[in-house]
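Two complexes, one shared chain (chain A), two partners (chain B, chain C).
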Partner chain A sequence: MMRVLTLSRVVWLEMIRRKDLYVLLILLVTLLFVLLSLNIFGLGGVVRYVADVGLLFAWLFAIILGVSTAGRQLPQEEAKRTIYPLLAKPVTRADVVLGKWLGSWTITVSCTALFYLLVVGVVLLRGGGIQPVTLAQGFVLHAVAMGIVTALTVAISTRMTYGAAASVAYILIAGAFSIASRVPELLVHEEGFVARGLLALYYGLPHLELFDLRQRIVHEWGAIPCRTLLFVAMYGVVWVLFLLLLAWMGYRRKRFKRGALG
Partner chain B sequence: MAAAIEIKDLSVVFRARRSSVAALQQLSLSVAEGTVFGFLGPNGAGKTTTMHVLLGFIEFTAGSASIFGVDVRESIARRRIGYLPEHPETYPFLTGRELLMMAGRLFGMKRGALRARVGELLREVDLEDSADRRIGTYSRGMMQRIGLAQALINDPDLVILDEPTGGLDPLGRMKVREIIAKLRAAGKTVFFSSHELSEVELVCDHLAIVSRGRVVAQGRATELVSQGESLEKYFLRVIQHEPAGRVG
Partner chain C sequence: MKPKRKYGDWVLPIGAALLLWGVAFSMACRLEGNRFVSVPIEQSFLERVLGVSRVAFGQTFFEQADLYFHQGVGYVRQQAFTNSVFIRAYEVIRPSAHAHTTGYTVSEILPWLQFTTRMDPKNVTAYLTTAYWLRSALRRPDLAEQVLLEAQRKNPYDYRVYNERARIAFQRRDDSRAARLLDAALKVWPSNEDPEDEQTLLDLSVILSRQAILYEMKGERDAALALFRKVVELRPGNVAVARRVEAMEQGMDYSHLDRKTWDILFGGTDKPVHVCGEGDDHDHDHDHDHNHDCEHHHHDI
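== the complex of A and B ==
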């Protein structure tokens, strides 16, 4: 565990010392203030609008941060050949995969918490209100969803370059959000090969829409039952474990391309 | 004397879709504990591949390889090893001290002992003043020295160095030679590859020459090279007797 934590700490140090994180934070603050200065829908409308758009950006930025952080870790170790001194120590490839995922996930979740604080701060400043229990539930499920996003990206990056892994991860995440949830309604009009393809998407992609409580938070619909929360969280944990297993299987026997021949 | 490294009939074949390349062919090698062992060969001879097998990066096709009697495929075999890769690159966003602390934690070292060891190593590689600067600002020589320091963090019994003096200025090379001499005095085993034959002559007790994935000469440096002949001449004579063509 010590080795996994040490490796995840390196991910943290890298992110803290890179500019990506600060750019996203500044961008979110700027967007929130631009939204605040608009008064298209009247005061009440604007607060709800700010919360809605602010949380949407929190999701978008968390996904961007999660994919860019997780997707870069393993290909970068290989390209810069830092993987060699690392694996020359009593560190297993499973430690590397777990450490990189843990670092990417925890930093993404911490930044997501900052994004939420910013949105809530702006909403409160504007005189609006947010139900704290619903908000906490929304954040917990968001954090689990980021676990899936980062694990998916790490798994893909075991066999691809950073750019390719990030692109594939974005496509799969967009597919999981936009198509997977609509499969039942699309299936009504389809049959044969298309229907089988849609079913494969439905069962093959994680249902990220289950983790999205934005509407519930914005429109103050109240908290979801604890049992439902637990069930969705468990569903997320199972996906994370499955994706990390895939990542390990993709990495454990990988022959690194550079410097293999001497 | 017991063997620090024991390799028997080691073969490594890299398979691509339509072809395969035999990088090592029944390579056998024995490195006794407490020796400084030079591993020489032309480019593509199989030096780095052999080191990568010893470090568990590459799976071998046939034969056996062990370090202090432990099969190299076991991660526990790496507990007593320090490794410096060729052209070491490391995390540019870390400081030298942070890199060494990280390396020590990966060996499970306790905080107090680790701090003391990091201070000692920084002094040894002359990087005390730059210890809290980011590695991204280091020169080539400093990178090599911090790489060497991280390889020694666990006070290893076997140090594997891949071209440790490559690209260094004369002062940097002298520093590396001094460190190797200290390791020898402390009874450690040093296994290193180099193209700098004059360096090898200065520091090695034993050497092996590898060509096309096979060991073509092995023994005490003083016994292999006859009187009046330099190591360079001997090396060229041995290599030129090998049939042409690249294997590994």
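== the complex of A and C ==
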């Protein structure tokens, strides 16, 4: 476990050195200030749209950060050839995969927390309110979803370059959000091969829409039952474990060719 | 040791590249023609940058306004199966009680309506919806008038804008202005709409009815009667107007009731926004089927 934690700490150190997070934070701050500066017919107290757009961008930026951080780790080690000295130490490949994922996930969740704080701060500043329990539930599920996103990207990056892994991850995440959740509606008009394909997507892709509580938070619908929260969180954990297993299977017997990835 | 390249070695490739670029440039000029001349001067920066896609963005924002009006409850759509564990979980997670925003909270939909009109200034329905909520729920006819003036600037030949402005003028007891605006509405009717469309015809009958009421209030009974007859011709099923024509022909005088009639028929008096009952399907139609020519079709999103 210490080895995994040490590896994840290295991911953190690299992240602090890089500028991705700062850029995303500046972008979010700019966006929120633009939203705040809008004059909605001179009416005060109009604040829900700020929370809505802010949380939407918190999701978007968290996904971008998660994919870019997780997708870079393994290909970068190989491109820089630091994988050889790393594996020469008493570290298993499972440790490497787990450490890289843990680092990427904790970074993404920490940054997501920052994004949430920023959005909530702006909403409160504007005179709005957010139900704290619903917000906490939303954040927990968001964090689990980021676990899936980072694990998926790490799994793909075991066999691809960073660019290819990030592209495939974005496509799968977009598909999970926009198609998988709508399959029951789409199936009404489809049959045969297309219907079977859609069903495969429905059961094969993670249902990320279950982790998105933005509408409940923004429109103040209150907290979801604990049982549902636990069920969805457990569903997310199962997906994370499955994807990490895939990542380990893809990495454990991988042969490294000098300069092949990067 | 590398052989020294002669100066002349570069002439052919650079010449060929310049020639190809020249051909491509002249082809591009020919393909483009002088289109820039036909670009309307009043196009905004957003219109130029986003092109036609701004209409799609506008529609998305308008749908978002609708979602806000229903407090985040999305439309119920037909599904091929409903017994999936994911669907059951999602039913619990997403907002599902059925309610509409009321009173001042309606102001939460206004940013999305404003984004809609910024993105797609040709979306007259969005302007009318904004004006409706500003005038009714928020009791700000002054802001509603501003919105409609902007709508008129962007859509100078749309009868719906004049018609709505006439309503506000009447609400402010500026009857002569209301009459002028109704005349303008009638001149530009049906604008870009299909003249055979049910809603367009309904709008025409509303304009005529309003004109008739204004004439009647001024004491010009014959002009009012002629207009009411036109309404009956347009909408033979309108029993209320038919009865009124009959009564006027028999010499009845309704002029003392006209302002109240206008309010009842055309929404001058603000109606409370309803809240659907628990278990109602959100996928209901807000265009209520009234016997009279009531017009709040534009206003529920």
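General remarks:
Operating definition for what follows: the second predicted complex is superposed on the first by the 252 of 262 C-alpha atoms of A that agree within 3 Å, B and C clash if a C-alpha of one lies under 4 Å from a C-alpha of the other, contacts with A are read in each partner's own complex, and residues count from 1 in each chain.
The rule is short, and it goes like this: a contact is a pair of C-beta atoms (placed from the backbone, for glycine too) under 8 Å apart; a residue touches a chain by one contact, two chains touch by 3 or more.
Computed from a prediction, not measured in an experiment: that's the story for all the values here.
Look at A:231: by the touch rule set out above, it reaches chain C but stays clear of chain B. With both structures placed on the common chain, the touch criterion links A:6 to chain B but leaves chain C unconnected.
In the superposition on chain A, A:14 makes contact with chain B only, while chain C stays out of contact range.
In the superposition on the C-alpha atoms of chain A, no part of chain A is touched by chain B in one complex and by chain C in the other. Residue ranges of chain A in contact with chain B, taken from their complex: 2-3, 6-7, 9-10, 13-14, 17-18, 80-82, 84-92, 253, 255-256, 259-262.
Interface of chain B with chain A (complex): residues 14, 21, 23, 44-52, 55-59, 75-76, 78-79, 81-91, 93-94, 98, 102-103, 105-108, 134, 147, 150-151, 154, 160, 162, 193, 248. Chain C meets chain A in the complex at residues 68, 71-72, 77-82, 84, 86-87, 89-90, 92-95, 97, 104, 107-108, 110-112, 114, 134, 138, 140, 143, 147.
The touching residues of chain A, counted against chain C in their complex, run 38, 40-43, 45-49, 181, 184-185, 187-188, 202, 207, 209-210, 213, 215-216, 218-219, 221, 224-225, 228, 231-232, 235.
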